[in-house]
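The following pair of complexes shares a single chain, chain A, combined with chain B in the former and chain C in the latter.
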Partner chain A sequence: MAHQAHSYHMVDPSPWPILGAAAALLTTSGLAVWFHHHSTQLLTLGLLSMLLIMLQWWRDIVRESTFQGHHTPTVQKGLRYGMILFITSEAFFFLGFFWAFFHSSLAPTPELGGQWPPTGVNPLNPLEVPLLNTAILLASGVTVTWAHHSITESNQKQAIHALTLTILLGLYFTALQATEYYEAPFSIADGIYGSTFFVATGFHGLHVIIGSSFLSICLLRLAKFHFTPHHHFGFEAAAWYWHFVDIIWLFLYTTIYWWGS
Partner chain B sequence: RGGDIRVTMGTAPFDSRFPNQNQTRNCWQNYLDFHRCEKAMAAKGADAAPCQWYYRVYKSLCPSEWVTTWDEYREEGTFPGKI
Partner chain C sequence: LLFFSSNYTSKLFKAQLFMATGLKPIVSTESPALIFGTTTKLASDLPATDSFLGKNKVPDLQKLFQKADGLPVHLKRGVPDKLLYRTTMALTIGGTIYCLVALYMASQPRSQK
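Let's turn to the complex of A and B:
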């Protein structure tokens, strides 16, 4: 019986990478078709296939790791680097939108009345719902850390409680932000103020939803005893991502919501 | 040597509040300051002659299209600046 003389995981051939690329193509071209030809068919197809492929690819990774034991410490190290690099790239992604915000708000043009917020724009009061949202995300950072400690201390019950609470806080944030969007006196079409506000906070909200989804999968796996006190990288990756989302919010809140009002 | 016609020409002097190449803010600020000055003098019932400085500066610096557009906005009540 042949054994590998190294601690890496030579993955079996899989259809998901190339299908994932195809799904990305359908999604991006679908987006273009939606913008120009008012049809959402291709976009829907793209997003649906993307979802199915993500579920199956990640399901396979859980099979390879939790059930087949392929994730040695070496493999885990690679995954850690990967997650860190990914989050770093996301940080640069948001940096661009913050750049756009500061470019427009530090030197407001005559068209805006030479002021920020521009003439006619009534910004949201940063001490109302946005402050509550800040508290919610900070609290969720505490609960996810509580969950982590519970996992390392083999406390299954508390881990489930803490992770559930984290997810509920995330959903609460999303619900509040959705009502804020609905009730806001300005829209994305309201000049550069609307553009910078909704694109930055909108992408953040998307990341909250992604983070909540990731944490939910972790909750499912936690309940099924996939994690051990010493090996639970999926959870750690989700927790890192969640803290990142929290930090982005803190920047959004202090710059766009507070300084920008 | 032909006739030596001396013509004095001038433009807005250096304003250290706007030291860089992009002088948009200089034009905008003086346009605002002229109209604010006019409004304030009229409110006090005083002579608006001191306001002429701002007038001459913005006339010098601002592209005429901008001035026309801003005058129209003021007319319509849609001028975004605070006067």
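Let's turn to the complex of A and C:
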């Protein structure tokens, strides 16, 4: 049997990349068909196939690393670079929405009444639920760090407790934000205020859900003994992503909720 | 595969590779059970409080996924993998054909009534 003379990972042929591309086609076309022809069939198919492919692709990565040992330090370094670059790209994504917010709020037009918040808009009180949400995410940043330390100190039970607490805090944030959305006196259709508010906070909420899902998978893997004190990059990637989500919220809170009220 | 013009270049490359990577074998697994086992307890000796954790199945899974059966990683577990793969394939390829047909129909000009 041949052995490789390098420390990189030459992956087995996999169907997931091309099927993932097809799923993206179905999802985007499905969105267009939904908008113009009121049918959600294609969109549902696209989202379903995307879900199946993500599950199997990431399942295969767990198999390749934890079970087959392909993630040498060299490979791990590449994954670290990759995750950092991805999070950076997400930061730029949010930067665009912050730009849009400041573009409209720094020089409010006469149509808005020359003021921000625009005439007729009652903004949410930043010292009520939004402040609680800030405390929740900050606390979850502490608990996820506690979980990390527990992993590096081989304390399985405490790691599980801390990570579970982190996920619960994330779910609590999502639930509170959902009620805020429901109770808000303004909607996405209320001019540029509504658009900037709901698109920026909405995408943030989506990232909280994604981050909570990532952490939940890590909890499952933690309970199944996949992580070692020296090798647990999946968890670190999830923790980095979670901290990123927290920081975006801090920017959202101070600019849109607080300064913008 | 790399082709070298001379034997000297080939030897030089291999020497550099050796120094860079130490020519580690592919399968250098840190068995998680052992690390947790030495610092805490053996899986078989779990006290009642930790019984919710279950047995550490990672070593068994490592053996399973490292079997030299020539199967790619996405089909390594056999039947359940094959079923899931075929379902995903059917949904995605079928969906793509449906999508192309739908896009073709949507691009047709609507006849005036």
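Basically, the second predicted complex is superposed on the first by the 261 of 261 C-alpha atoms of A that agree within 3 Å, B and C clash if a C-alpha of one lies under 4 Å from a C-alpha of the other, contacts with A are read in each partner's own complex, and residues count from 1 in each chain.
Going forward, a residue touches a chain if its C-beta (ideal position, glycine included) is under 8 Å from a C-beta of that chain, and two chains touch if they have at least 3 such contacts.
Only a predicted model underlies this, so the values are computations on that prediction, with no experimental measurement involved.
Judged by the touch definition given at the top, the superposed model places A:Ser140 against neither chain B nor chain C.
Within the superposed three-chain model, A:Leu112 lies in touch with chain B and out of touch with chain C [touch as defined at top].
Of the two partner chains placed by superposition, only chain C is touched by A:Val33; chain B is not. Set against each other, chain B and chain C differ in how many residues of chain A they touch, and the higher count belongs to C. When the two complexes are overlaid on their common chain A, residue A:Ala22 makes contact with chain C while staying clear of chain B. When the two structures are aligned on the shared chain, A:Gly120 is found in touch with chain B, with no touch to chain C. By the touch criterion defined above, A:Gln68 reaches chain C but does not reach chain B. Of the two partner chains, chain C is the only one touched by A:Leu45; chain B is not. No residue of chain A lies in contact with both chain B in one complex and chain C in the other. Residues 14, 17-18, 21, 23-30, 32-33, 35-36, 39-40, 49-50, 53-54, 56-58, 61-62, 64-66, 68, 72-74, 76, 84-85, 87-89, 91-93, 95-96, 98-99, 102-103, 106 of chain C are the ones touching chain A in the complex.
Residue ranges on chain A touching chain B, taken from their complex, read 107, 109-115, 118-120.
By the touch rule above, chain B contacts chain A in their complex via residues 24-25, 28, 32, 66, 70, 80-82. Partner chain C is touched in their complex by these residues of chain A: 1, 3-7, 11-16, 19, 22-23, 25-26, 29-30, 33, 36-37, 42, 45-46, 48-49, 52-53, 56, 60, 63-64, 66-70, 72, 74, 154-157, 223-231.
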